[in-house]
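Both complexes below contain chain A, partnered by chain B and then by chain C.
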Partner chain A sequence: MAGFLKTEAGKGLALSAPASLYVGLLVAGPLGILVAYSFWTQTYVDIDKTLTWANYIEAASDPLVRHLMLRSIAIAGAVTLATVALAYPIAYFIAFRTQKKTLWLLLITIPFWSSYLLRVFSWKLILGFNGVMNSALLTTGVIDEPLTFLLYNEFAVVLTLAHAWAPFAILPIYVSLQKVDRALLEAATDLGCSKLERFLRVTLPLTIPGIIAASLIIFIPTVGDYVTPSLVGGSQGKMIANLIQVQFGPANNWPLGATLSLVAMASVGFVAILFVVTTTALGRRIR
Partner chain B sequence: MNDQNIIEISKVEKRFGTFTAVSDFSLDLKEGEFFSLLGPSGCGKTTALRMIAGFQDHDAGTICIGGQEMADIPANKRPTNMVFQSYAIFPHLNVGDNVAFGLRKLGLSRAEIKTRVADALDMVELGGLQSRKADELSGGQRQRVALARALVMRPKVLLLDEPLSALDKNLRETMQLEMRRLQQRLGITFVMVTHDQYEAMTMSDRIGVMFAGKLEQVDKPEVIYARPCNRQVASFIGGMNFLNARMTGDGGGRMDVDVQGFGALTIDVNPNVRIHGTDLLVGIRPEQLEIGADRPEGYDGYLQGTVSDVAFYGESVHYYVQAPGTDDPIAVAVPNYFHTVDHKRGDTVWLGVQNASIIDLGARESQK
Partner chain C sequence: MKNITTALLTATALTAAASTAQADAAALSIFDWSGYEDQGFYGDYVAKHGGAPSYTYFGSVEEAFTKLQSGFAADLAHPCTDALRKWVAADLIKPIDTTKLSNWDKLLPQIKDVDGVTIDGQTYMVPFEWGNTGLIYRTDMIADDKISIQAMASPEYQGKIAVPDAASSAYALAALATGASSYTDMSDAEFQAASDFLRAIHQNVRFYWSDAGQLDQALASGEVVMGWGWNQSELNLIWNETPAKMMRDVDKGIATWVCGYVHLKSATQSDEQVYDMLNALSAEASGKYIIESWGYAHSNADAFKSADQSLIETYGFADVDSFFDGSLFFDAVTPELEVRMLKEFERIKAGF
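Let's turn to the complex of A and B:
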């Protein structure tokens, strides 16, 4: 045994054992239970453990599920797009235009020092009927009555999440920008490129891995987010996770909830793979 | 090479804060010339090159390329292209697309681009490697791609920043010859920055030797070797023994001198020296000294001393001879004709020198 631990493979296994054990017990295990549940049926007081596709058939045929799933993906897509688009210039600034990189990176993590719930709630205070935004606009006379389209809709969800995720997008993009050899930029200039062309033909394609990482980090958890839509989403901002929560809570239909969770997972996986493949392919076309 | 000046640089200066990187830099380069800027690291040679390329602006003076003043012309519009020290091969593009990078800006047809890329790759002996990925290239291949990528733009001037320093010795020597041949065939002006004296001497039509931001001497390699303008230049290129001397009389481009250790000799006045004086510094190349156990015949100056060190270099043997009346041991290089090492430490030997081998390096107090 001691001999085995001295080999490369042994060392590798020993090092990864705690994490593997943790993941095995606390992720793979529950996932297995979820899969099992999705093939069972809820009776009034009990679970009927006869295997059946009924839940999947219901999930596929219910227009509400499809609607919420598509909306979740659309909202997550919008959040990802908004966050990456806002994060890229900031990451670019830190990587290329300032000497105080550590200070800026520290400042960017400041929102994390307060609770996520608190931050979502703050947006509620800012966007609400009597919120900061409306009060300010009313006082300055820009509007006569409070704007109601600010809160309790998809817009509020996108805005809140784009803010919450910003550091998660900035960091991977910053890392990929930081890795770009400055000599490559000079080479592009030397070969006749203006600054914009240089960005589009060298910097952007070289930072695609960072963009992909940032997008996945944001997109995947956003599709399944449940807190933000509950707090600022209103009825038009409800997402698939809210429906899943209902199944496990008030509706007390765990098998259907489990099925919806797995369907959501599969959909996210599909969209994510599609995104990675198309983005990589697009990046290869830049010459 | 013809007599047309392609680059005219006049009194250029560059400061970084309080540090003056380049000062009073004036240089005219002929069309089709292979010119090297040679100097130790930090002497300002790369800054000078980057000012020509347009990556660095200059604080004073003028830079003209092809008769056009460059002050308001950004790097991407200049008729120059550069081979970077790190080669700067675009890692997301294959070899063909790297070489085609600049061409795509010129509004050429696909077929034209394809032909020019193929020709450029053939030229650097990488024909057919268009689809090779950047990370699959060896150091020498990367260097060739960088060269092809710059030359395919048909620049008036090709700038090379230490282009061979990342290669191992054998490959470097091959590339030196190849680049020289390529340059002569294309007739494009090459400006190369290097800290390697041999590279500069073997490749260049002319060399500019730089120290502390100043161009000390610009001339053909053989002239810089034979008639360096001062101690700094003399010691940077080739080996050199430095001896003190005193002028006892002069006239007609020659002067009588009393050289430390060797005594009275008559030597040529070096036209490249800027500050002459009575108290002189003179230099003797190690390979121009004769050494023997007996006093050799037919020399103008002699010195007797003791061998203090012997260094075997393969193609030559270096003896270091300590003599009364001299400060440092005098180095003598003897070609290894007969596979013999004739003297050993502690031997008493004679050194002989011809008048013509003594190089006047100017007034002693002017030397850095």
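Let's turn to the complex of A and C:
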């Protein structure tokens, strides 16, 4: 035993054991319970533990589930696109154009010093009927009536999430830009690339892993976001997590809630894999 | 010197006794809405046990149900009548022994009769506070003779109304609007008509409110001009000096909710202590306090006589009897109908 622990494999196992145990108990365990629940049925206040596909059939045939799932993916997709597109220039600036990297990175994390809930709520105050935005526009005479399309729709959800998740996009992209070998850029210039060509053919392909990482970090959690749509989404901005919450809360139908959670996880996984495959292929083509 | 020592010893002994009493008082655990730890609600308990019980809070009755069903233990809980059938079915609560309640005979008979306080001949709840759910509107934006529940569907008010994000409340509204014979046991045709009404007003809904503060603010700012809400919102608007009131005409439709305390099966404290608390909560003095300071109606009939009459007038509880005759009560909904309401309401909110 002691001998085994001195081998490379033994050391590796010993090092990863605490984390594996933790993940096993606190992620795999609950996930197993979720899977079990998804095959049971709720009968008023009790659970019927006969295994059945009924919940999956209901989830697959219900247009409401499909609608909310597609909307969640669309919203998360829009958030990812907006966030990554806005984050790239900032990350580029920090990596190539400034010496005060630490200061800038610190500044970027400032939004994280306040709670996520507070940030969502601030957006509600900004976009609200008598909120900051409307008050400003009314006082300056740009509008006569408060704008009502700012809050309680998909737009508000995308805006709020894009703001909340920005640092998560900036950091991985910054790291991948930082790793780009400056000699390659010089070589590209020497070989006659214009600045734009150099960016498109050298910098961008080399930072694809950073973009993929940033996109996944943002896309996966935002598909299942619950707080933002429930606070700023209104009825037009509801997402799949809100329906799942209804099943675990007011509807008291945990088995259906478990099924919806698993369906959501599978959908997210599918879209994420599709994204990674296409982006990687695209990166190769540019090169 | 000796005197001082005695005095010190006595003082120490007294402090010790007081803190033991407080510990005993706090041993009683109550699962409640936040705010109800107000000592004015149970003065007699504090007087007898030397302290307040300990409180744990929930944000909605559904949340409370889920938590209790997953094994959370307490002595008393504070749900409302419409949830009670489910709580009894889930075997969470014990029947109440009304003979141990010193104030039982003084409680308003109409409130005691609400389905849910009593289920299948057994009393399960000591009603504590009650109030209205009704249409609150801006009196400066809609004339009194134009207001009605049906007006919520008028194209004139597009994006200008608010409805609770709770199926039972929304269906109570729809039942009143469509004239269903009963809210707890609608026929298929009545259910369809009620759902159609909710679909019709969905076009006008600015938001489905889940916390009352959201409704209060929207009414105060004029973001919405009417909303289905609790009398608490009307009070907040009155205190805020917003020109708004609740449509209290029973012919036009108003609902009454009743909440109270139930004895949980997971209770660990003695019945004596539990009933001391129940008696304190239902006492006349507690009623007077909640009416005057909170603007909520209490279950004790005597409290209405001893409370400030002008405040009762302002808060809309002056003519209790005529009110009870025409109002819809949030009875305990039948399980099948509850499931249908929840499913259909989710569809309606999503625009299906």
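Following the convention adopted for this analysis, the second predicted complex is superposed on the first by the 286 of 287 C-alpha atoms of A that agree within 3 Å, B and C clash if a C-alpha of one lies under 4 Å from a C-alpha of the other, contacts with A are read in each partner's own complex, and residues count from 1 in each chain.
One rule holds in what follows: contacts are C-beta pairs under 8 Å (C-beta built on N, C-alpha and C of every residue); 3 or more make two chains touch, one makes a residue touch a chain.
The structure presented is a predicted model; accordingly, all values stated were derived computationally and were not measured.
Superposition note: with chain A as the common reference, chain B and chain C can be accommodated side by side. Touch criterion met: A:181 reaches chain B, while chain C stays clear of it.
Of the two partner chains placed by the overlay, only chain C lies in contact with A:250; chain B stays clear of it.
Of the two partner chains, chain C is the only one that A:148 touches; chain B does not reach it. Of the two partner chains placed by the overlay, only chain B lies in contact with A:206; chain C stays clear of it.
Put simply, the nearest alpha carbons of chain B and chain C end up 47 Å apart when the two models share chain A. Note: no residue of chain A belongs to the chain B contact set and to the chain C contact set alike, using the contact criterion stated above. The touching residues of chain A, counted against chain B in their complex, run 181, 183-184, 186-194, 197, 201-202, 205-206, 283-284, 286-287. For chain C in complex with chain A, the residues that touch the partner chain are 60, 62-63, 65-66, 69, 86, 89-91, 159, 166-167, 202, 205-208, 210, 218, 221-223, 335, 339, 342-343, 346-347, 349-352. Only residues 44-45, 63-64, 67-68, 128-130, 146, 148, 152, 230, 234-236, 238, 243, 246, 248-252 of chain A touch chain C when the two sit together in their complex. For chain B in complex with chain A, the touching residues are 53, 55, 74-77, 80-82, 84-86, 88, 90-93, 97, 100-102, 104-106, 149-150, 153.
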